[in-house]
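What follows is a pair of complexes built around chain A, which joins chain B in one and chain C in the other.
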Partner chain A sequence: MSKAKKILSSKPLIMMVWFLVLVVLWEIGASNMEKTKRTPENILPHVSQIVGSVTDGKLVSNNMTATQIVLKSAGATLERALIGFLFGSVFGFLMALLMKLSNLVEKTIFPYLMLIQMIPIIGMAPIILAITHDIGTSRIVIAAILTFYPVATNTLAGLNSVSKEKYELMYSYAANKWTIYKKVLIPSCIPYFFTGLKISAPMAITASILVDTLQGDGGLGCMLSQSLKHAMSIYVFWQIVFFSAIIGILSSVLMGFIEKLVSPQMRQFRQSRKHRSKA
Partner chain B sequence: MSEMLKEEWKKEIEIKIDDVCMSFKDNSGNDVQALNHINLAIHKGEFISLLGPSGCGKTTLLRTIADLLEPTTGKVRISGMTPKEIRLQQKFGIVFQSPVLFEWRTVKKNVELPLEIMYWSKEERSKQADKMLELVGLTKFADHYPKQLSGGMQQRVGIARAFGIKPNILLMDEPFSALDEFTKEKLHDDLLKMWRETNKTVIFVTHNIQEAVYLSDKVCVLSPHPGRLSAVVDIDLERPRNIRMKESQHFTDLVAKVRNSFEGGSL
Partner chain C sequence: MIKRKKNVFVRFITNPKVQPFLSVILPVALGLFIFILWQTQVLHKLLHTDTFTLPLPSQINQIIGDNIPKIITNVKSTVLVAVIGLTIGSLIGYLIAVIATVFPKWGAGGLSIVAAFNAIPIVALAPVMTNWTKDVSKDASVRSMVAKILVVMIVSIATMSVNAYRGLNDLPVFSLDLMKSYAAKRRIVFLKLRLPNSVPYIFTALRVGVPSSVISAIVSEYFAEYITGVGRQIRENIVIAQYATAWAYIAVACIIGISMYCILMIFEGILLRNRRS
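After this line comes the complex of A and B, so read on.
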């Protein structure tokens, strides 16, 4: 690969380009909106206005600045999302193991698991809220349900990815079932499990925000709808939108980071990069 | 010396394949005879090749010895026991065409894996793995992961792992067929060296005539449709073998002899 090509295909550069393109498009939209004389900051404020409002010390509601409101609401939302995410991923992992262990379970449960995924959370959330009577618990349950499916399916795919030869090798060592799970199946499914986590982490956060909108107890979603209804500060709305997007992306990146920490296969890539740079 | 050893081998038959037939049903429900009345005796410490074109049942025969398949009729006996009993005693070392390494384990940990299953102590495992890796010349790569190695090196790890468990019988299913010619020749000599030092019985499946002749004491020629044993050719090349022998007239004659023993003439 030529040097220019290498630089062009580097990940940070591609990300930078995407970021710049988005900002430019946004600004073109915002400038056009300004010309229409409709309250522009409601619909599409300039990026500088949004960024400016983050550091702005102006009190917008309950003696708090916009940024303080966002961070305070984020606490409740993220905490519940995290608890739900943990429950959902543990349960999803165990379910995948159970489906692998028993053909009967796989045949009877797996095809119908998809149904959970097909019910829209907007519809499911009020029902869960009605059942649990508690917005915090609902956030956890919905986040767990959404996390469960991608984790379970990806982990099962990982368990099913083990080659016939690996089984035959273990068979020739007269290894028992427990040993095969411990030494082959579970290590094999770890990268797939993390793929599931990377998909579901942002989903758990989105779900938690969505549940917030149902009842006013100060989560991000709650503030989102309030800031639209009451003109407390439109920048609260935009800050939440951007903040949610950023933590969604970060949650997925975080999963990738944890994967690198725990799985030796990933360590190998760091090592091989080191070797290559030496050569 | 090699003559004396050979006499000794003749004394003890280790594997006896007794009138083994194997038939499968194909997709349209017809019976396919994969193996047709195979009789073969393999002596202790011998290097045997099962040679033939695809579809001749050479891998099927290997799998019946390894207890990965049960023959339809006939029986296989190893030191008087069934393949299953031998497998449960963990006396088989198997090498497949692909290296079948565990990606999340280092090279050394891959060699140690079967030893863990066999409850060797940590120190013994580590010592044995180091010894095996030295034999295949991979000591420097002990802490690498499989993906960092070339195909030939990966297959070496597989061989080190198979020898590491101190098996009575080593079963190799076309282990070098995916490798380039240079790597293959190097691995041939490495394999022969390990075989000489450990004196295992080796059953080596291949479709490469030169490879079979170069490595083996005996080449069992199998012909397809139905899979049957056409001939057993004794390879009386001197041991230890070296690459120069491939240029000798005797080697060429043996290759021709093996080729001509395929039923229906040369392929």
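After this line comes the complex of A and C, so read on.
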């Protein structure tokens, strides 16, 4: 009895219920549209219709099914988003370290890190495309910039959060600067670093899709706008909408998963579990 | 720490009296340095571009001066969308947080779903909203406006609800016990403890929300039917290769972002004056 109650009140189940509520609301809306509109699939198709279009083998354009189009263009978009994301996170981490190492660098750069948060960088996407002349490069550049500043500010906050007692302990060990960074500062900034990554991963994907819409060169955003203009089946549009939503959420979840794999705080937890499974 | 002999330079930059000056002078110096590189076209050589795609600051400034009436109409449309969307979205977000606090069991799970909305790319939301608002009005400018506001709203709801929930529930240690010892009713606990405790968290949410509302407004302009707004102007001018004008609008977008953030900071300074210890 109590076990059943426990399962009923578990968080995943509650989330599932809420998710179902959303689906039901969507379906009610879709049924309404079906009755009142001539082309309901443009506004609010049934969930089953969208799912059906994923498995449908009908060729939409260029001898490809809708799913093939989405996956192929997603490859181009996500690859660039990922490269930009990697560049941005490495650069952001190094910048945070540099700012921690040198007070002068921090004083010089930090106001600009604050400023860049207030500026709509995505609005600059067209101009970066104009400067680089290459859609792939501009995807990488924008994704990198958008990744860079959340990672840098969060990592710096992590480096600055180290308590005085830890420094004092290291001092009593006569630890040099390198050891302090290796043993104290870097491990303790890892959770903050991942907070930055969780914020910026969906942003990098958004930016990459947005850059696509600027030029006709494959990619999710390009297909999205073409499908909206009815150059191909509207279900390509719906698939892309849901695909990008799911990818956006998954990217954030994935960062949380990687955090669990690499962070020193979690390592202990993993080892203790390993011991238990051995015994 | 270890006392070591430091050279004059190190002694100068670590002098506490010099610190406040340094934190002003250094960023300004960097800004000036970039500005000079830009104006003297060294930046163009570094980026392998020309003054046509990357106009000089003086050119951009001149264009802003020449087009002030047109720029103001576009700024109005963008700011209106961002502010209305942010206000409605934050109110709804706060309400969701309150409901989640009152019904903790179901609320927390629902909140995770709302938080997931934060990860949905705006590019996916904007065209959907444009589609859904086709019947709102016969006037294209009105229905585009509604669509854009909805996008900003959804983005703001996610940010506000997560932060406000934290503010309503991360209470100071023992404060709940104190309320219990007063035999306070849940309503009183809510009014006297949870509500005041959430105020700084509201501002944390707004600090994220204000810039992201401007960004969402700009991106949703790309997909709107009616051509207006700073973001749309950037794009339209790029399409017709008027790079200088596009840069002028980028500069304007930056000014909007910065000034909205400054206004928020001033509000925060006034409202949270008594909280600083």
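Definition applied: the second predicted complex is superposed on the first by the 252 of 279 C-alpha atoms of A that agree within 3 Å, B and C clash if a C-alpha of one lies under 4 Å from a C-alpha of the other, contacts with A are read in each partner's own complex, and residues count from 1 in each chain.
As a convention for this text, contacts are C-beta pairs under 8 Å (C-beta built on N, C-alpha and C of every residue); 3 or more make two chains touch, one makes a residue touch a chain.
These numbers were taken from a predicted model, which means no experiment stands behind them.
More residues of chain A are in touch with C than with the other of chain B and chain C. When the shared chain is aligned, chain B and chain C each come close enough to touch A:Y171. Of the two partner chains placed by superposition, A:I145 touches none, neither chain B nor chain C. Residue contacts after overlaying the shared chain place A:S163 against chain B, while chain C stays out of touching range.
After overlaying the two complexes on the shared chain, residue contacts for A:S263 are found with chain B alone; chain C is out of touch. In the superposition on chain A, contact is made by A:V184 with chain B only, not with chain C. Once chain A of one complex is fitted onto chain A of the other, the partner contacts of A:A81 are absent, as it touches neither chain B nor chain C.
Judged by the touch definition given at the top, the superposed model places A:I50 against neither chain B nor chain C. Shared interface residues of chain A, touching chain B in one complex and chain C in the other, are 171.
For chain A in complex with chain B, the touching residues are 163, 165-166, 168-175, 179, 183-184, 187-188, 190, 263-265, 267-268, 271-272, 275.
Chain B contributes residues 66-68, 87-90, 92, 94, 96, 98, 100, 102-106, 113-114, 116-118, 144-145, 147-148, 165 to its touches with chain A in the complex.
Within the complex, the chain C residues that touch chain A are 1, 13-14, 22-23, 26-27, 29-31, 47, 49, 53-54, 105-106, 108-110, 112-113, 116, 118-124, 127-128, 131-132, 134, 210-211, 214-215, 218-219, 222-223, 230-231, 234-235, 238, 243, 246-247, 250, 253-254, 256-258, 260-261.
Only residues 9, 11, 13-15, 17-19, 22, 42-44, 103-104, 107-112, 115, 117-124, 126-127, 129-131, 171, 202, 205-206, 209-210, 213-214, 221, 224, 228, 237, 240-242, 244-245, 248-249, 251-252 of chain A touch chain C when the two sit together in their complex.
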